[in-house]
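All remarks here apply to the structure that follows.
Going in written order, the chains are labelled A, B, C and D, and every chain counts its residues from 1.
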């Protein structure tokens, strides 16, 4: 089907994410086995194309990495050919891409990385994208790999916080990742049996949150609150600033969990504890689900490459693997809406979102 | 929406499955919160209706069970109103159902249990079904809860077997559940990086399997083989029988992993070890995915009950929660076919299925 | 051996800890089975004796709790009969204890709780103590239950942070519990392959830490730093304070991980990320090790009670279960010293403690 | 302390075991860092010395392996210089050892491997031993690494089987490793809340086992039975044999769990299910405890090497790391006795061992 000379680059960009190695392995092995392709690993995301750091990947390089977190190629959060230390070096990157004699480039990344990929594809790069993000907020796909692992980590944390909350009769607050989208907080909150879930999509009324916790303090004597890092009270975030002793400019520290703790302490008479999971949400071995999903996306991407269907992204739509154009995914993001099925479930379970627009009600069956 | 007198029964039938308690909790809490319903727990599946063992479930009974495996209601594999110790007692069961003054009954079960539910619904029971099975082989739904937990357990086992296989240069065989459908073996095999996956849907040629293992013994020096309990060689299962010392009738023992081990030992020169996971695949705390999924199914079922849409089952179709008729699900099962996306991925990764009809090839993009 | 009327109270005090339920179960079942004892559960630590909240525990109450985190009796961090809202109510507590007609009281707690137990025993209570703390810092015992679970949680977190550190070439800082003793940071740091471990026992020189990280940035390109919450730089902690916008008194926020991050950012040119695990270190299901250990301590405590050996604590000394007097344990704590075997191992592995007194050297064999 | 020319071989023998890589890493890094040693990896246990397969290990080879199961050096169960395919090649092995110009050899293994090491040391090899075995049955040490990981895996399996047992009211039997010693079954049985524990050290009376299960069927309606693979009924094992259809010599299949199931089915009226964990007990990532323990043993072994204290084994005695002579460990094994503390705990909890000599009783305090 393919000549022996097919040369394909593979690149991982943006924040690391469980399943990246599974995707690299799937794309590479699938192309090696079916197309005798040579695989060129681009190091540290687009930075590798800018600073010209690549390494060939052979079959052994792609073995035994399925269960490993992170990415063997390295990644970078912000490197862009359009703004490298303030300079647009996209033309140089294109030159380098051509000098590598690549037939195509598989870009595994989130919103930012795929947006850059889209812009580079318009300059003539043959790109196939694979969506990844623990935040699950990519437009055009029902789901991204890394998300399942993230919610399993947060859920495990909630199972642990619950026993402490019960034993001490406390309100336990857990801050999760999710600056613009509340998917992690919503799903992990449901899986962890949270009483309150606060997400960026719906500003919270502190009095509603306090009421929900208070009602339980008289009853089950403890509450579990999950708050996404981007959630904010109605009227805007009450920021907390800190200064090093001896002054100096204030630096933002802590996070919304600490803010919420301070707010709640003024409203209810209960011991409150806040925990911020931070980076452990994005590392480590992927769940079985994410391994299968990332592998399937990678194999599907290999088919797109073999069929020279460039400018595309592999996505999951209506439960089916398929492809859409990079344009559909670039420069967009997907957030939780009133239509969301898990939100409907959470509401029918009586979970409090601290928002008057989201009253407890049964699933609507309008589907 | 509902009067205070709504009385709903809940029943779990068939083999236990991670997520049953999450579903019980979701149905019950959702109906209590939104409809002030009384919930009646039927004990041990349909056996509870036959032997008249029920208990009211209050809000506390449904608290703190989300993360627990098994079912607080108990379950039974084979009890049927149509054949209770050889007698059809369906009329007595119907009498009892009416004497309980139930407005509806939520039945959480697999193929067998939902088939009985369908038959009882034809006799006049107001039933809403929720599909569960770790085998993922129910017709009419893309996925069942319990399956994700099962593959995560099998995948964890494969991660462990791999290190032993590598250290000793062995062929490690793992037998999974799956008598008629190979979903667990297929997904866990992909997630665990299996070299060979043998499933009931495609009989295997022992020489193909031997060849696949042999080729790796010269290379990476070890192989991982996943075999579903229902997989069989072309030409039919080579059974293994055993007798107690001193004779007596032979009794079936061991399983397909041991059979395959004996077959392979005659074909290749390698140390081979077989492991059968057995019952640990269906127990324990559900994964975050299964908790969310079972909760959503339960909440959706509650809506169907509240809306008196009986004779229905909650299902996932094209990635969407919706309902179908019990008839569509009853007396059927869903197996792995050539159209399956994960099978396509496995093939493009070069995983051996021991079957000439399943050659390594790229994903087709006919979607 | 005992008459049917043996009445024993059980109390859990201080911070919750994985294994508390295993210990409650072991004490209670062992005394019920062997001495037909009645068990009286004291609720919320010494607060239950102060506010007179107790409940009888039967055999069923003690079943199925072995694997559960937290404590079914509830606990309280600070309640003391000698200072209840500023008042000494120890005499009233003694009256209540006598009115309960208890033959003995098993107190499961850490330093603070066992110190109170010692003082109450001097007033005439028949007390047997069981040491618990995730911090492993109790005097008189080689180990406490809860510690193994805590280090396993921190180690899991380090495994996750490692993949992110590698992928992004970052310095990853993890803050663990341990205000006065560094046991958790030391053991988890070794188990998690940390490059730098900072503990309260040895103040750190920020330049040494920076050097250790810098040297790796040129080499493996990432570093793992574990810091106990009580660790401080030579010269004393650089505190970080914050004020709510619009002023008001400053409130302590964040922690030593954030402080260290700020310090390091001024010394080395690398991306640095800080994570604080917080409360998830003390919750959830205990490890197999802690379940066995807590069970053995509980069974041994039951023997002490049955033999009326009061004023004692069950301890592990030289690898053997035995008992010591409450006096030996009360008002003391155990910290990491130069003699410690794991510290010696860490030093011989070249792990940096940021302290000039702790140079890399081989294990001494003076034992 | 050492010249640059110190050359040390490292070898892992016997069954693989979680923590082997942690020990290899600790020995190697400690000797590299403190003695500038060259490390020579011997491949596949003593087979590598027989077939002359070695590879130098550098610092990078020893990085990132701490959390990996198995052994990067490979291992072999039975290869012995004294019996290689029936021939004594110990003299050739000694020649090869000398030709490698090794100053010493660190042998990481269990009973069999350390016994060979002892015999080779008598022929003039400079050997330091490190004990490993998941079975914890080595003489001269309180504990071996790998054991904690094994019991945590078995305990996790018991947690899963429990939910199935409860839901179906079944007797769940789990067969663990332990041919001659019952340590895994004893510790995991306690940690998993087993009702019956059967180990090789104490033959079981099937009627006692049946009685213990029967009594619970009336009560909690289910039982958990843990049986070590070497456990046998009083009067000797009722073996089960099988023949391939068409005859041929009978081959042992299944195991003691299946035997016990058949025995119990004739004694009690209950559903009984048997599971055999097999090889998953010895693979995968080591627990935090085993990582710390294996690291400490490795670091201590490095000190012995550096101090030319050969013919020794690193052991844990009375809770302290120290060394003993290879002779003390070779050709011996350690089994569970009446003196054992965990056995005493299990008895005081009323756990049934099916043996009349082991009646339920309190811990004796004769220590």
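Basically, contacts are C-beta pairs under 8 Å (C-beta built on N, C-alpha and C of every residue); 3 or more make two chains touch, one makes a residue touch a chain.
Everything numeric here is computed off the predicted structure, so don't read it as measured data.
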| item | value |
| --- | --- |
| Labels of chains that are neighbours to chain A and to chain C | none |
| Shared interface partners, meaning chains that touch chain C and chain D | none |
| Whole-Å gap between the CA centroids of chain B and chain D | 34 |
| Chain centre separation in whole Å, for chain B relative to chain A (CA means) | 30 |
| Separation of mean Cα positions, chain C and chain B [Å, integer] | 41 |
| Multi-chain contact sites of chain C, meaning residues that touch two or more partners | 156, 159, 285 |
| Full enumeration of touching chain pairs | A-B, A-C, B-D, C-D |
| Chain B residues within the chain D interface of the complex | 12, 15-16, 18, 20, 44, 68-71, 74-77, 153, 156-157, 159-164, 166-169, 172, 238-245, 251, 253-254, 258, 262, 273-280, 282-285 |
| Partner chain B, residues of chain A touching it in the complex | 1, 26, 29-30, 33-35, 63-64, 66-67, 142, 148, 151-152, 154-156, 159, 187-188, 190-193, 220, 285, 287-289, 291-292, 295-296, 299-300, 302-304, 306-307, 309, 316-323, 341-342, 344-345, 348-350, 360-365, 367 |
